[in-house]
């Protein structure tokens, strides 16, 4: 709300919210806005051009569909939908109605991810070897999805954005300790050309960790999103095999040079993203984090869930 | 050598070493010791009671077997052997000859692992939920084994010591970028009673990480082996499900209290381990890190390799 | 404003602000509030009971005086006034008018300072040996005061609160590199009973540091205000002189035990402070961070400035 | 001894050591070396060319003098001598005898200090603003000197090496809590051209800190000697005053760019230093860390002690 309210070129008309307490707080903070318990008051309003669906995953499809049917552009929280079929349906509906869908892959608008993308595209890292993310903390437990669906969409959307190809196969392992959903889980993604990605998510960690290692042929980087400054550190380190003639003659050379932490753009990512959506709606440009991007992430999550069911089968996409 | 030379109750008689440079250095540093290029000079010596096999994995079996056959107690680097069959053979041979085998699971002799073991046995952590280790750095590449065989034995031997049951099934994923062996790999171990363990090993990481998260029902801990002090931090944090009546009423309570870093024993682990082996040899006591402990680790590694071959099949032990 | 607006038992009536941009922003954010360029609109308003003076130090005296003369309770940013005489005058004026002054020593309302105070009062640390604070960062340069007057009031108010006695003498050193005011400065305070305090403040530091070491006879602590969790770490470490018979027989024993990080109260300190001021005004209770507390800090700053002038003379208070 | 023994072009002939236990250990480790309780056995030996004086400060003068008088080059631990007069006498004696003195300012041979020196000489940092070192830990208490004489010589020798001019005046403050010597102390040094330096030393700190901030007109750096890698971080940060026309128009611009951690030379500093001394003795070259460098540090320490006596008077050098 804070970000939506301050957006140039747009105005917040109405908020639908089930919780009476939250409604009261919202009404006090935004006296000029309609605050209602009923989502259809928003969806059916003729004054409204865009709806943001910020609700449990299992409600995304129904709410977004109703909004699209009533001619609204839709901003949907991640993950896009509960399954791929729902996502495809929404994408088609939006196409028919000439409406835009944006999926809230907020991290793609951070200075860190933009810089990493730049480093990859410029070839600073060389060919990619691996992407390894740890995203753990204590709670918050979700009631309708497991820890992979809750936390991994961040990493999956970032990978989708950075690696630019889709994974070929996925293995997911995990365990349920408390409420019937996996609260600790691990996911390996095999991408083409020997790129391997791994995600470690955990709702039962005593400490919060948000660290990603990215290894390339030429350089490697560490992205620690919890650092106040220097979130991204690029290491001029690498390995070169200089002789493949035989096991005994194999010479692995380690190259170790300077480290540098590039200055990152200081923007509030969500503000950036919403402002981009307003622009896309005005200009007709298709957002890069559209329904299709959201769908690709949902497909990876579906494959992960299928793998999880059998404690780690390789699932091809 | 430094540790062996300073041990009470023992004396170093001979060193066998292939590299001429290393031999020269050894001879200068230990003028009274026989330095030879030939392992059999050591193995056949009648003056010698114990042999330490500190060599590539694929040589362990042959060297240890020769030593046992010649009546020597054997200290073997981890991993014990290249496969389970070799390990079983050595164990049987030692039994027949009434000799001791100790596998160098050095971490079991550190103040950190001893304290964690104490915390688990006293019930401080409550029932175990998960064990999650990250052990990554740049190199050193091994020429005859992959990164799992190189780095995971540390974690596997610690798990074996702490969890006290064997895993039921293992999933391993990974990728080979350089020399035909996996240089990035991930391993999930399913133990009984919903205990899940995970190991992240990587020879291509720009930074060195040695961090293990251990989650229990009552408390959780972080063991960062690279911290000079406060390697082990215990968090009085946890989760309680208070109401299971329905999805909407499910209340997850987070408990968050003090953190404490217990004072750890300050010993050099390897010295401690070697001194314990000398005691075991004298007293006839069976070391807890004997051939059987080494074999259990080798079996987990074999299962991991089998899983790796198919990019992540679940392999039952 | 955000904190004042959300306070129970009070209402924000008017904001006086010189900057037109800031006025516009304030008016948009708080439509129901009078936003004026003229401080006297606030000070003379008969609807208003309390005025918060949030402005450059050299304006505190004049604005607070006018507010008190017009029957308003006054909340003043730190440092209280530009000199001790002004502070004394305001205190007397408030007394005569039966009004309250609160000086914004926000840190006294943080979970960290409250916990440290508790540890000192309970005797956990034993007799205090030293208090050593580093408070450095890049800018923001003030236009009318040096770095000591800008940053040290935090530490001085905390010391005043924790140590409970006043310093006997002060030495301050520093240097001016840019705009005629010291931008790097160091301050030593001698308290009774061998308690020594030191403050390191710097507007030209590439990194932000907010770390305080506190040493006691029994235990020592580190307060790192930039840590997300575990801001306060208490070390069961100490030194005991066991034999004073002679220089050669002097035995210093180091005691080293557990470290623990107590759980801290999670409150927004400013909200807590303002709410406390509302309570003091209602109940007639004198706030502990009143004008006298503010005056004690100003006296220390005056002594520091006097010492700075001569590059570090010892100045008695 | 380990470093001396492994030096090319030299041989260790004799060790004089008071403690019987240490003598026994030395004899076992170095069977071919004469181990004696009597320093004069070393000093009078005709086989010996160089003596290393590694003993309490108050013994340096006497031992070094005897060594020089007997024609030995002398390597002396820091601080060089107990007072400036002793230092001058030793320097003159060495000159007369055509012998070399080297004072063990080990840090000057580290990769970190060499890199910082390079950055200063190349102008990367621009004009120097300040040098601010924190060097604190628990113990070891010295029996004959205060914490400034124990720990500050490191910083003073580094400053002397980097800044290349001598301080004009010194202020030192501190307190004695335990054994009659200051165990907590702070030292400000005023150098020409507004360069200010500060040293914070403490034997009663619960944590070990070895951090130096160095601020320049163009860039700033942080040297954290306890980091395994990335000991030196250079920040492309700075401040520019763009308008000096009036107090209100004063515009301070903050410049904030990349950070980089240059790769440092990986050498054992002490080995490097001793090898350099052997070279100096052979070639006749005067070591830059000679008696005069040692004397400059002793003069700063004497000034600091004088200032400490009066709790912080400004003492001119």
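Observations, loosely collected:
For reference, chains read A, B, C and D in written order, and residue numbers begin at 1 within each chain.
As a convention for this text, contacts are C-beta pairs under 8 Å (C-beta built on N, C-alpha and C of every residue); 3 or more make two chains touch, one makes a residue touch a chain.
These figures come from a predicted structure and were not determined experimentally.
Each chain gets a centre from the mean of its Cα atoms; the one farthest from the centre of subunit B is C. Judged by shared residue numbers over all numbers used at their interface, subunit A and subunit D contact each other through mostly the same positions, with over half in common. Separating the centre of subunit C from that of subunit D, both taken as means of CA atoms, is a distance of 37 Å. Centre-to-centre separation between subunit A and subunit C, using Cα means, comes to 42 Å. Taking each chain's centre as the average of its CA atoms, subunit A and subunit D sit 52 Å apart. Annotation for subunit A: residues touching 2 or more other chains are 207, 229, 256, 259. Only residues 129-130, 132, 134, 136, 138-141, 143-144, 169, 171, 173-179, 184, 186, 188, 190, 194-196, 198, 200, 202-207, 213, 215, 219-222, 233, 235, 237, 239, 241, 244, 247-248, 250, 252, 254, 256, 259, 310-314 of subunit B touch subunit A when the two sit together in their complex. For subunit D in complex with subunit B, the residues that touch the partner chain are 31, 207-208, 226, 228-229.
Touching subunit C in their complex are the following residues of subunit B: 229-230, 236, 256-263.
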